[in-house]
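Structure, as structure tokens:
Chains here go by letter, A, B, C and D, matching the order in which they are written, and residues are numbered from 1 within each.
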Amino acid sequence: MVQKKIAGVLGATGSVGQRFILLLANHPHFDLKVLGASQRSAGKKYVDAVNWKQTDLLPESAQDLVVRECKASDFKECDIVFSGLDSDYAGAIEKEFAEAGLAVVSNAKNYRRDPGVPLVVPIVNPEHLQVVAHKLETAKAEGKPKPGFIICISNCSTAGLVAPLKPLVEKFGPIDTLTTTTLQAISGAGFSPGVPGIDVLDNIIPFISGEEDKMEWETKKILGHLAADKSHVELLSPEEMKVSAQCNRVAVSDGHTECIALRFKNRPAPSVDAVKACLRDYVCDASKMGCQSAPKQTIHVLEQEDRPQPRLDRNRDAGYGVSVGRIREDPVLDFKMVVLSHNTIIGAAGSGVLIAEILRAQNMI
Amino acid sequence: MVQKKIAGVLGATGSVGQRFILLLANHPHFDLKVLGASQRSAGKKYVDAVNWKQTDLLPESAQDLVVRECKASDFKECDIVFSGLDSDYAGAIEKEFAEAGLAVVSNAKNYRRDPGVPLVVPIVNPEHLQVVAHKLETAKAEGKPKPGFIICISNCSTAGLVAPLKPLVEKFGPIDTLTTTTLQAISGAGFSPGVPGIDVLDNIIPFISGEEDKMEWETKKILGHLAADKSHVELLSPEEMKVSAQCNRVAVSDGHTECIALRFKNRPAPSVDAVKACLRDYVCDASKMGCQSAPKQTIHVLEQEDRPQPRLDRNRDAGYGVSVGRIREDPVLDFKMVVLSHNTIIGAAGSGVLIAEILRAQNMI
Amino acid sequence: MVQKKIAGVLGATGSVGQRFILLLANHPHFDLKVLGASQRSAGKKYVDAVNWKQTDLLPESAQDLVVRECKASDFKECDIVFSGLDSDYAGAIEKEFAEAGLAVVSNAKNYRRDPGVPLVVPIVNPEHLQVVAHKLETAKAEGKPKPGFIICISNCSTAGLVAPLKPLVEKFGPIDTLTTTTLQAISGAGFSPGVPGIDVLDNIIPFISGEEDKMEWETKKILGHLAADKSHVELLSPEEMKVSAQCNRVAVSDGHTECIALRFKNRPAPSVDAVKACLRDYVCDASKMGCQSAPKQTIHVLEQEDRPQPRLDRNRDAGYGVSVGRIREDPVLDFKMVVLSHNTIIGAAGSGVLIAEILRAQNMI
Amino acid sequence: MVQKKIAGVLGATGSVGQRFILLLANHPHFDLKVLGASQRSAGKKYVDAVNWKQTDLLPESAQDLVVRECKASDFKECDIVFSGLDSDYAGAIEKEFAEAGLAVVSNAKNYRRDPGVPLVVPIVNPEHLQVVAHKLETAKAEGKPKPGFIICISNCSTAGLVAPLKPLVEKFGPIDTLTTTTLQAISGAGFSPGVPGIDVLDNIIPFISGEEDKMEWETKKILGHLAADKSHVELLSPEEMKVSAQCNRVAVSDGHTECIALRFKNRPAPSVDAVKACLRDYVCDASKMGCQSAPKQTIHVLEQEDRPQPRLDRNRDAGYGVSVGRIREDPVLDFKMVVLSHNTIIGAAGSGVLIAEILRAQNMI
């Protein structure tokens, strides 16, 4: 029997932390042993510290874990640490952890722009993890201790956006122009307090702070190229790709819907059928590696005219699959389509766990 | 004291018909005297025939009107007839009415594509009513009886879209490219049965039958040019303007939100401040004519970063004003912005009433 | 022309404060001159201090008022002060105001249980204001300066509950037993942060802190008797009336729905028709006095089987009228029925303004 | 290996029918072989006939089944037939099926009042199935062919209500008086068209046709006694138990919340703690029999003050467990509490499947 990797979760009482705990409970390859949260929670049993707000019950295996403070010395037994920390705290804490030699997969935004930190959507660009592999190999070659590192999970709305882009770019060449208008679920905003009820009842909030900027540049990093020396990832330049995002918060619990349009650089553009076939045939590397959480079908191409819908389609492949519907020609760019992804699974904690599965499959942890 | 014009409403028991009745009750220039509906309702008092679903109470003046069948002979006393008929019936009935010499303002889609029928958003293109004026003058000059005519109200989502475009085109020249992604209210779908509850609860429907096509060509007619001989309106050609729409139904009762982006033909594009000033300064012709329902402020330019919102902004100027927010530069086209309009007022029955006010102000009825 | 009374609002930036400001703008008898809020807001123009969240626009007359601190010395010009303060602050501040001789109408719960403070739903028990009248007369007779006083507005869900009870008790004698299960709107919870979106989306919260207790005893004070010496109000005893409340928060913006049942002490119980007639015929004292905001119809008895509904019926009589439907016999008590009231109008700020109108009509301010 | 029973579903394209199909897919003891629907669907593959609206995908095993008409001759291979038929059709069809010797478990209301037809909530009164067992034994003893029969599933809101009552009555004796006010999910109304979106958005519908009457008498049958000769079930008389229900439709997808209160006949009433212990300790017979779908914990007693909530608690034990919270003394009756049950599982199709599991465990099919 295979030895399980010891896992820890930072920010364990928060929205993302709770999701990590759900996804790690009964995981065949990870053993969740350490939970960290604020001083207010430290020292309490998790069941007493948390205001559990998930639709699945709090796993029994986590209930009695005593919450620790977010110090590297309290997590040193961990092979992998998942961070659901708020960005106000993530910067300092994750840095301390990485410097202490720990492997950190973070949902926070703090290090996403760092060229040496891979920004990974595991069904899209696991090859960017070679930056970490390279770092580990170099240290080994130099006889140094195994270094810590940080890997960033992308913003939730970016994850859904780039999923169908990857196979399209691989098959039909670069995308020249990309627009997306999002209809984003409220779970993405956490719940302390999250989006006020009065703001989403019979309403739309046509603004999410910082979101459009994140989508516009994260896309260029995730679709960017690994540097020749594997030391970092190079963003696509503004000349290579123009991206425009408009973001809205809507009355949906889980599942981000995005109305996207795109134009390829190469002429003539492929046919609608070729685009559909390309998406349907895509098998992400995580699936090829046999990772536990990898989707059976990475991209679900839906043919019904009114799909995907968040209530009906967000849970395909346990939230690791992305649904694409209404693929049609666009009078302005080449194609328009609707993309739906589960914002707390492939858009947050779920991606974190799948990244860790890839790290394990590739012996990086 | 001015003589009021006698008004009738076709499809009086439906969603649009109910709105016409609300807007015409206590109107200073119209006297609602005739209601028409299906045979099932004909002969009943309106209060007994209707399943009233408005948040305002059924006006007392309409309660005891006896519903008639939708025959021109039953409406001959009317100076103006408002049609809220379903498109299954509107074609034949409105034709009969117009041929019988009646003035019809219709919310149905049947005659919108007819070049001789003006498609009018009254805060945008009342000049297209000159097609009707021309027809009336010609008949008068030829000594013929006053002819009937049909004027079409635009689709609800088109109305909001074109409102800010008109002043921009007047000031900065043609718009070359336009994209819109809509988040549309459910009241636009009527209520027999309208959108099922289960479809909008915790959900998005990323499809509205026929809507995208309507938006794409109606925009080109509303922004199109009056023919030199005033006999019809000429659509903008695909070369003059490219339009792409993506339409979604969301859990909002009233108020369509649209995330739009546009590029002007002329270079350099104006500044963001110039765009804002242009919209803010726009006074629609209906306001200049002093029409009763015309908005005091045609376009409300909102500066808060998270506005407009349907719950907070849809009722500006009693639903006849359109709100525009988040005006900013776009990495792909020139500008992006969020447009909010009240779909049952400026997007449907309200526009019908304002068109009739213009017809009266210009002595066409 | 009548001299307007000078009005102030405490807690002006909060949810209730905003409602007071809306209701006092353009009021024929009150002139809103003073706004008080926390130190953070004091010194700023109101328009800059407030995060305005009402569906009506911020009245121009209030925009430029400079916010003051909540000190009596800053409000001494006021004939009447409306308090929308949070209960954490209301206790000390309202006390200081009353001791300084100011007339305070408060939405806070702090003094509701004080026997010398009338707890008033103005369409129900304005006669309890005689406690104040008595106090004023006594001081006058004794040659003392005009004393200040506090009048409490009831809890929002209590207001709707007692509205139909008052005429029933007047006509048919005491109610022996009363049960209510509420479905309460989220606006009752304010908006900083109020009810989280995730809690009301596809959900019910079957608990509102302190609410059931408030409803159970407030009902006994509002329906209680003025002491013979007019010095205070006597609660109904548990023997006189048993009350049980179960409170739920639901996904409704405005309007509390309550499913109530009741049994009269006297046998035989009246007929359903007699109950309906009694409610329909009720004219509240505030209406008889000709108060500006008093409802034309105090209780609307609805006959349609599926009414009242919050979306359709909450705004009757501008939110000052209460709707009652489905009046029918109950297998357990005598009758069951559904009561709908507007929680921010008759259930909060609106009642405050109507109380002030009564005070003015009765020369208490 | 055990032989699976052959199952059929009537009304297979409807809301309840779809749920039956989901629950029977991959069931260890049933093999779904026959689907029946209207003539319009008959002859088509199920995947082509159905408008699938479940959040789980249409099971592959059902996709290619060719839909048949609802005739007994088309179902004769079935050991058990589940009926999700609309009551307009269920009466005649189910009768024909039973007369043809088929075992029918029906969600329709048509035969619920028939004394010879058990009305069964499987976690509450499986002992009423002895009416069927008795009928089968009698026929066998008389050498007659195995007779068909009908078993009715209760109304969805009744199922949740009676779940906690059963153990309480067993332990503390009869309940004298029972009141319930329901907040019911929209999935209970089906979806053709079901509840209109505009009726549930920012709204409550305080009426569900026929529902209150059903709850009031069904409770008396489910808690009623098996006749001594096992030929039928005797309802509790109005003297034995008074029941009052008030029903509301709310904006919840799945999960009926009920605010109930009750008084026991015996004095003194038990303590709150005794009530909680009784509910917690209850193990339903279906669990004792080891039925596949029987809940591990029949009644979940929740101690948090704001639970149960539909979004968080409806899926306990896959929707077969019922949650009870806020158990407290009541000023009018003995106790009040909040009950939450999954209306499409324990309140409809799920109960049907669990009834069939009991029938199989007891060799009645």
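Annotations
Criterion: a contact is a pair of C-beta atoms (placed from the backbone, for glycine too) under 8 Å apart; a residue touches a chain by one contact, two chains touch by 3 or more.
As the structure is a computational prediction, the values presented were derived from the model and not from experiment.
Listing every chain that touches chain A and chain D alike gives B, C. Copies chain C and chain D of the same sequence differ in orientation by 180 degrees, per CA superposition (steps of 5). With centres defined by CA atoms alone, the chain at the far end from chain A is C. The interface with the greater count of contacting C-beta pairs, when B-D is set against A-B, is A-B. Note: centroid distance chain A to chain B, computed from Cα atoms, is 43 Å.
Between the Cα centres of chain B and chain D there is a gap of 49 Å.
Touching two or more other chains at once are residues 53, 198-199, 201-202, 251-253, 311-312 of chain C. Remark: chain D residues 53, 186-187, 189, 191, 193-202, 251-253 touch chain B in the complex.
Residues 53-57, 201-202, 253, 311-312, 315-316 of chain C are the ones touching chain B in the complex. Chain A meets chain B in the complex at residues 177-179, 181, 183, 198-199, 201-207, 216, 238, 242-244, 246, 248, 250-253, 257, 259, 261, 305-312, 325-326, 330-333, 336, 338.
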